[in-house]
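Here is the structure we will look at.
Chains here go by letter, A, B and C, matching the order in which they are written, and residues are numbered from 1 within each.
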Amino acid sequence: MTDALRQFLSRHPGVVRLAVVVAILIVWEIAARFFIDPMFIAPPSRVIASLGAVWDTSGVPAALRITLFELAVAFAISTIIGLTVGLAVGLQPFARRSVMPIILLLYGLPQITILPIFILLFGIGPPSKIAFGVTHGTFAIIIAIVAGVQNLKPILLTSARSMGASRWQILRWVVFPHMIPSFFAGMRLGMSGVLLGVLLAELYVSTQGIGHFTTMFTETFDPTKLFGLIAMLAVMAITLNEIVRRAEIRFSRWR
Amino acid sequence: MTSRDAAIRIRGVSHQFGEAGDKQFVRALADTSLDIARGELLCLIGPSGCGKSTLLNVIGGLMTPSRGSVDVAGKPVRGPMPRDIAFIFQENALFPWNTIVENVRLGMLFQGVPKSEHETRAKKSLEAVGLAEFADHYPAQLSGGMRQRAALARALSLETDILLMDEPFGALDEQTRMILGEDLSVLLSRTEKTIVFVTHSLGEAVFLADRVAVFSARPGTVKKIIKVDEPHPRRPEFVTSEKFTALRNELYALLHDEIRKTVSESASARGGG
Amino acid sequence: MEFRKERVGAGGRAVQIGFLLVLLALWYLATNRWGVNRLLLPNPISVWHQLLDVLRTGEYLPDLRVTLTELAAAFSLSLTFGTVIGFFVSRTGYTIRVFDPLFAGIYSIPIILFLPLYVLFFGLGPASKIALGATISFFPIVLSTIAGFGNVDRTLVTAARAMGASNYHLFRYVLLPAALPVILGGIRMGFTVALLSIIGSETLASLAGLGHHIVQLAEGMDMPRMFAYIVFVVAIAALLNGIVSFLEARGRRWA
């Protein structure tokens, strides 16, 4: 390898990363074309070629829109509940010490076990997906907010107090600016949680959302369309995550 | 010293943490009385845990003593007195999400300085500490020494008569301490502020103070007060003079046993030597 | 930013116990006095009876065996691959810069999304659960291994080398103890995530296992027994997680 090439690669690890991904795709392509039964796996070339066909399958665009809607609503509700509960609990030391263990306990439970109950309660339509997303996202946000309050250095509060700051001034000028990165970290975790919850519920049972189509493509042994649809969902998930992640970085500049 | 000259009067202050019999019980400060004159710079020096920081917090109204009282400018201290007292802490107390100038202005907002004066005061104090060019930087972008200068600027802009400094240079390296000490002396020779300064460093105490109060080991009380009769601003040559060395040696002699006592106490508390 | 567990005083404990009691009381009243539909929320007393019955008859055994086997297989796979790959990636700063973002990026989306693909390829049997569980739990393990070994203080390595340490000495006495706390944290996370994803995939697409049994009972509308199973599964999950946490704490002290 020439020196110039080596220098270029060492300064751009992203290029090597891309090369790794491409290598994996090539292995996948070869394996799918020549070694494995086409009923179970589809080569990436064919998947990409048929993305248009997936999109044209009746009901798929609508299903994607509905899923996006479920995600948006679940995220909004989780954020509102998560922020209010997180701040209310986090700022009051007694509430924090007694309530947080309960929240942690609930957060650690395998919520997937009660998914059937959510369906029974809310039906098989979007409301159950939204509700399941909310339960996943809210806990994550509450925990992130409380963690943010916990790492406010007491010396900053003492300093403000020594300069004569009132309670309101302390909240406005010390606590609030400190919490902004935590808000965004909470929203990032909340988005992950909501994605997980909504998608799990969709995969369980769905008549209008994309879960309906993943089931259909699986039962008809159509790996090409299935890969394609799931790739679209993965891209959607990555995009949503990226948006929240970038927002977090932008607002945490002072750290 | 008459009560008119004394900016700060400390009467019989003692403090303990917890109740006798508690696992966490600590007698931090034993019966301490002291008068601090207007315009003087008094250093509190002593072994770790002797209560000098506790005393500083009591003077500043951040802590109520178990016993005793403090009068500042003739008034009894019952809580923070932001119009009269400004603090500088060892730990960095600048708000990391604000720039330097925003930090300075925030202090004035808290104290209640009218908005119209914020700009001029901030500019003046930043120039006084030599940070005028860094006004729009964030604390994370500055060195430790510059951060403490910024903390000083914030305190100065509050235009209080009294400045309480708790080991402000403790986290800095020797060279930065030296420079900051000299600059502090120059700065303070121009103002009439009363300053109480806690430090661990013998050289720093002799260089900066008009008087040095030496504390005994815990529970601390004032063992002896040493006078440093040298005009401000202290010149760098003072440090190499015989007078300086003699004073420093005196401090060393007073402190050495107290420090040994403290170290052996804490070692035996941990079950080993 | 980590959430910090705080000490709970007597008052805090009272709140927690009170919370549980109030919850149980509300449950009882809801089904016995306030006429909440038994099809949604069964009588707690019958749930209790069903739970005892399940435990007594050992009806849970076959499903438990399936779930635990899947868990063991998945976790062994992810543990082995995760730690080994993580170690080798951590060896140079360059490989870390290439692979760490790649792993982190994939882990940021809910990998459970790929369940239909795994089911299509491996079928509805244990293999798909094991494969998915191994895939999902691989990531926290590999990421924490990279972080653990990659962040060992260079000064320690230099000092050891200066004293003549061989490669083995370096690994055994410097790298491993320094990296262990972080790695153990990742392993515990990997275990939790493996358990969740296995129960999850059993719920969504399976013929056996605890998750599947709950779904079966839901479809048969046998609410009291389903609730009993949920309690049982949650208890098992808590027990397993507790054991792993305990082992993690022990492991840290040994390091």
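The definition used in the following text is that contacts are C-beta pairs under 8 Å (C-beta built on N, C-alpha and C of every residue); 3 or more make two chains touch, one makes a residue touch a chain.
Everything quoted here is computed from the prediction, not taken from an experiment.
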Moving only to chains each one touches, count the minimum steps from chain B until you reach chain C. 2
Among the chains here, which has the CA centroid at the largest distance from chain C's centroid? B
When A-C and A-B are ranked by contacting C-beta pairs, first place goes to A-C
Between chain B and chain C, the Cα-mean centres are separated in Å by 52
CA centre of chain A versus CA centre of chain C: separation in Å? 18
Chain A to chain B: how many Å between their CA centres? 49
Residue ranges of chain A touching at least 2 other chains are none
Chain B - residues contacting chain A, complex: 60, 62, 80, 82-83, 85-87, 89, 91-93, 95-98, 106-107, 109-112, 138, 140, 158
In their complex, what parts of chain A are in touch with chain B? 153, 155-156, 158-166, 169, 173-174, 177-178, 180, 254-255
Please name which positions on chain A make contact with chain C in the complex. 10, 13, 16-17, 20-21, 40-41, 94, 96-102, 104, 108-110, 112-117, 119-121, 143-144, 146-148, 150-151, 182, 185, 192, 195-196, 199-200, 203-204, 214-215, 217-218, 221, 223, 226-227, 230, 233-234, 237-238, 241
In the complex of these two chains, what residues of chain C are touching chain A? 1-9, 11-13, 15-16, 19, 39-40, 94, 97-99, 101-102, 105, 108-110, 112-117, 119-121, 192, 195-196, 199-200, 203-205, 211, 214-215, 218, 226, 230, 233-234, 237-238, 241
